[in-house]
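Each chain gets a letter, A, B and C, in the order it is written, and its residues are counted from 1.
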Amino acid sequence: MSALGIVGGVVQPLAVVAGSPVLVGMMRQVRARLEGRAGPGIAQPWRDLRKLFGKEPIAPRGTGVVFRAAPYALVATTLVVSFVAPLATVDSPLDPVADLFAVVALLTAGTVALALAGLDTGTAFGGMGASREMTIVALVEPTLLVAVFALSVPVGSTNLAAIVSSTLRDPARAISPASLLAAVALVIVIVAETGRLPVDNPSTHLELTMVHEAMVLEYAGPDLALVELASAMRLGVFLALLANLFVPWGIATTAGPFAVLGGVLALAVKVVVLGLALAVGEVFLAKLRLFRVPELLAGSFLLALLAVAASFFLA
Amino acid sequence: MITLLMLAPVGLPVLGALAYLLFGWRPATAWIAAGAAAGELAAAIGLAAVVDLSGPQIAVGGLARVDALSVFMLLVIGTVGLLATAASPSYLAAEIRAGRASMRTAARHSLLVQAFLAAMASAVLAADLGGLWIAIEATTIVTAFLVGQRRTRAAVEAAWKYVVICSTGIALALLGALLLNYAAQHTPVRPGLNLVGLIAAAHTLDPAVTKIAVAMLVIGFGTKAGLAPLHAWLPDAHSQAPAPVSALMSGVLLSVAFYAILRVKLVADAVLGAGFARALLLVMALASLALAASLLIAQRDYKRMLAYSSIEHLALIATGAAVGGPLAMAAVLLHMLGHGLAKGVLFLGAGQLSQTDGTSRIAQIRAVAARQPVLAGCLGFGVLALIGLPPFSIFASELGIARAGFAAGLGWFTAIALSLTAVAGAVLVIHVSRMLLGTPAEGPGAATASPRLPAAAGAVLLAGLTLSAALGVTAGPLTGLLHSAAVIAVGTP
Amino acid sequence: MSETTYVQLLYLACGGLLLTSVLMLWRRELAVLIRVFAVQGFALAVIAGLAALHHGGIELGAVAVGILVLRVGILPWLLRRAVAAVGPASRETRPLVNVAASLLVAAVLTLLAYAVSRPLVELAPAAATSAIPIGVAVVLIGFFVLITRRRAPSQLVGFLLMDNGITAVGLLTTAGVALTVELGVALDVLLAVLVLQILTGRMRETFGDTDVAELRELHD
């Protein structure tokens, strides 16, 4: 375990936990401004969280341990990912865990936990949200795996840190057709996975269109705060991974304080840019009808597959 | 002299087209088309004599090459072209009288037919595969407007399908040609796409690449020849085109496209041995035969019926080519000529029939024999020629293909092909006899003055049938040419 | 231009080729398809231009310019006119196979293209030839678009997609197909499209404005 790994292991989770709600606030603010509203300010998610954490824990009658454990599972898995993945530093305290398959499995485990919680409430909305989420996840996870796999082929390793540092060494790889196709595929699946437009509308509570919101409808108080925090963190982690897989420059490769600070700053800049792009894009997009979503995801799966093929044959 | 002779088959129709462009269609220019076709035929005969005396010739800076095989194809083009263009003036005059066409349409029709003849002649004269490809694609473009000439809903749709499917097929052939060129680049001599050069360099061509290229080329040109799997354009286009154009397409265009396959097969056999092209052609031929025979049974439109019969005959030709060997190849070439004549006569006769009766439905036509005995006789004998009864030449060529097939150890395939042909023939006879025989409908309104067959058209039909019968009895002066063309088509093993 | 830049740019253009083909399968609006087609034409012109720079052939440079004019300028313009001609009723394609399934078919076709074109790559391993499978994949996807679209303008798009793929294969396999053949090919494509263009015009004349180009008059 290197010094850089330890530093990364401390800095990254802190940055993700602290920064993600701000990221969400910023995206909401941008949307609000573009739509001609004043907006609540970028710190609003944190204010919401503080208020929710201060409330009395309460759970609907008839729900079991799954319902109560799911928010913790969601936060925990996301924390582990932010602990190991190469976000601000290329090294981590548990380098072998920073494996493509492990990271994707961890993130999926969180999603599944939330879907189970939705089922556990026994309400119509919870079940509907869970079934929709599972449909999307079934298409998203393979795409995610295949797309990152395409990037790992030229490196010869599925370790995310190895992929990132290899792109650092060989910048030309960032514009190869494989990474072009994989990038498009990843953008689509990340949009789907984090429940943004056009797959899911994060700001709606219109019963017929909800996916993520339908699952968390029964949560209140600190549990809701955890779920909200975890979804913000997932968004942050996904955007950071996307940025670092294709544009890793700025990430800390040594344990010096300036390098680490630079890494965190670079991470913040990249994630904010991506988040703003996403928010601006959402203003112009309408939500897809649910049965069109598999079409979109099948397309991204195809692109990911093409990326793998291209990385094998055009190497 | 030889250059002039080789330019004539292309140049005369081009001049004819120019004449129609300048002077339009009128009684004075109506026969220019037939004149140009006759000139083309004469040039072909002249070339046949030259090739017989002094072997293959090259001209126009190596772009054009003529050997016995291409001369034979020129003869087919000239003969069927002469039949079709000689029947055109009366056909067009009748269309104009019926108000289905104007003088301008007639002029455009004649112009495009001339361009069509020129494109086909340049296809068989091309010395390399690239030129051959361009010429065959040009025929698609030219004939698209001929198919859609009547501008009815069905005609426009047929033209659309024709262009889309044929362009697709021909695009596949282009891909094949590019790949063959790619293989040729990586040989010591770099023959490009020159047909002779490719065969000479055969042992250095990469077999795996050639295999892909040949498959693409055969499927691609097979589309144009009406072979499965991309045959769907053929019945539509043949039934909607004006009769002389249907005759030309069926009798010549399909054969010219098959000529391209024969040329590709020569390269394929030299590189890969006989097995690959044989398997490919047999599969396509049997699929086309099965399809044509089954769709013929329930056919309700006599032009579509003739079109499916063209698929069937091209499939039979493909079977013969797959069998290979001098006997089969001679039979294949003779079959091309015989089929061109018989199908030309039938399509021209069918065009006459649809002009007088105003329908192409089999069920709505009765007792042609009683109303128009000459036309009925021509149609009847035409069908007998088509299904291969002696003394017509198709009998001889089918017999040749069958004998060669059994001798080459492809007994099963030949037997299946022959039985499917027999089914198709029987169906054809049943349908046509329903149209020709019977008593005319009695009663008021039924008895109109029976229209007469124009003398020129009647002469053309009779000439075609006579020629077909004569070829069946003896190949006469063609014997030598047929023999040397077959030797070329077999290739050197 | 250094060897690595050449290879990078070449592969990037090929990736663009593949991406645009997938987009054509994916999107329904003909206007978008035509724009994507123009982008693909540009990628093709880049491939030709790179080949010209790399092999230093004036002929190839001319081919690149020709591709740029034909496929980015003329053909999209003709297509737009054809779409305008058939009227608003058929501005969206109506695939026979639903989009999700056809995307998966495209994935299979791509793998098939890689499998089929292995001998082509092995004949002369080089940077350009190793991208041949992409050209073949574009041909197959174009063929698939062609046979699964019901309306005339979308069939035209499929045909042109296929043709782009063939051109790509031609450019990638060759150090110089004779210019005459290239010219003949370009001319033929242009003519075929013109013919189809005229036919779409006639279709509107004969079929009327509604329910245009459904192509179901003739069948057995």
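Operating definition for what follows: a contact is a pair of C-beta atoms (placed from the backbone, for glycine too) under 8 Å apart; a residue touches a chain by one contact, two chains touch by 3 or more.
Given the structure is predicted, the values throughout are model-derived calculations rather than measurements.
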Q) Any idea which two chains share the most contacting C-beta pairs? A) B-C
Q) What chain is the most remote from chain C, judged by the mean position of CA atoms in each chain? A) A
**Q.** chain A and chain C: spacing of chain centres that average the CA atoms, whole Å
**A.** 36
Q | Centre-to-centre distance between chain B and chain A (centres being mean Cα positions), rounded to whole Å | A | 64
Q) Can you give the whole-Å distance between the Cα centres of chain B and chain C? A) 31
Q: Would you please write down the residue numbers of chain B that are in contact with two or more other chains?
A: none
(Q) Show me the residue ranges of chain C that touch chain A in the complex, using the header's touch definition. (A) 4, 8, 11-12, 14-16, 18-19, 22, 26, 98-101, 103-104, 106-107, 110-111, 114, 121, 130-131, 133-134
**Q.** chain A - residues contacting chain C, complex
**A.** 172, 175-178, 180-181, 184, 294-295, 298-299, 301-303, 305-306, 309-310, 313-314
Q.
If we count contacts the way the header does, which residues on chain B are in touch with chain C in the complex?
A. 130-131, 133-134, 137-138, 140-141, 144-145, 148, 151-154, 156-161, 163-164, 167-168, 171, 174-175, 178-179, 181-183, 185-186, 192-193, 206, 208-209, 211-212, 235-236, 239-240, 295, 298-299, 304
Q.
Taking the touch rule as given, give the residues of chain C at its contact with chain B in the complex, in rising order.
A. 116-117, 119-120, 122-124, 139, 143, 146, 152, 155-156, 159, 162-163, 166, 169-170, 173-175, 177-178, 180-181, 184-185, 188, 191-192, 195-196, 198-199, 202-203, 205-207, 213, 215, 217-218, 220
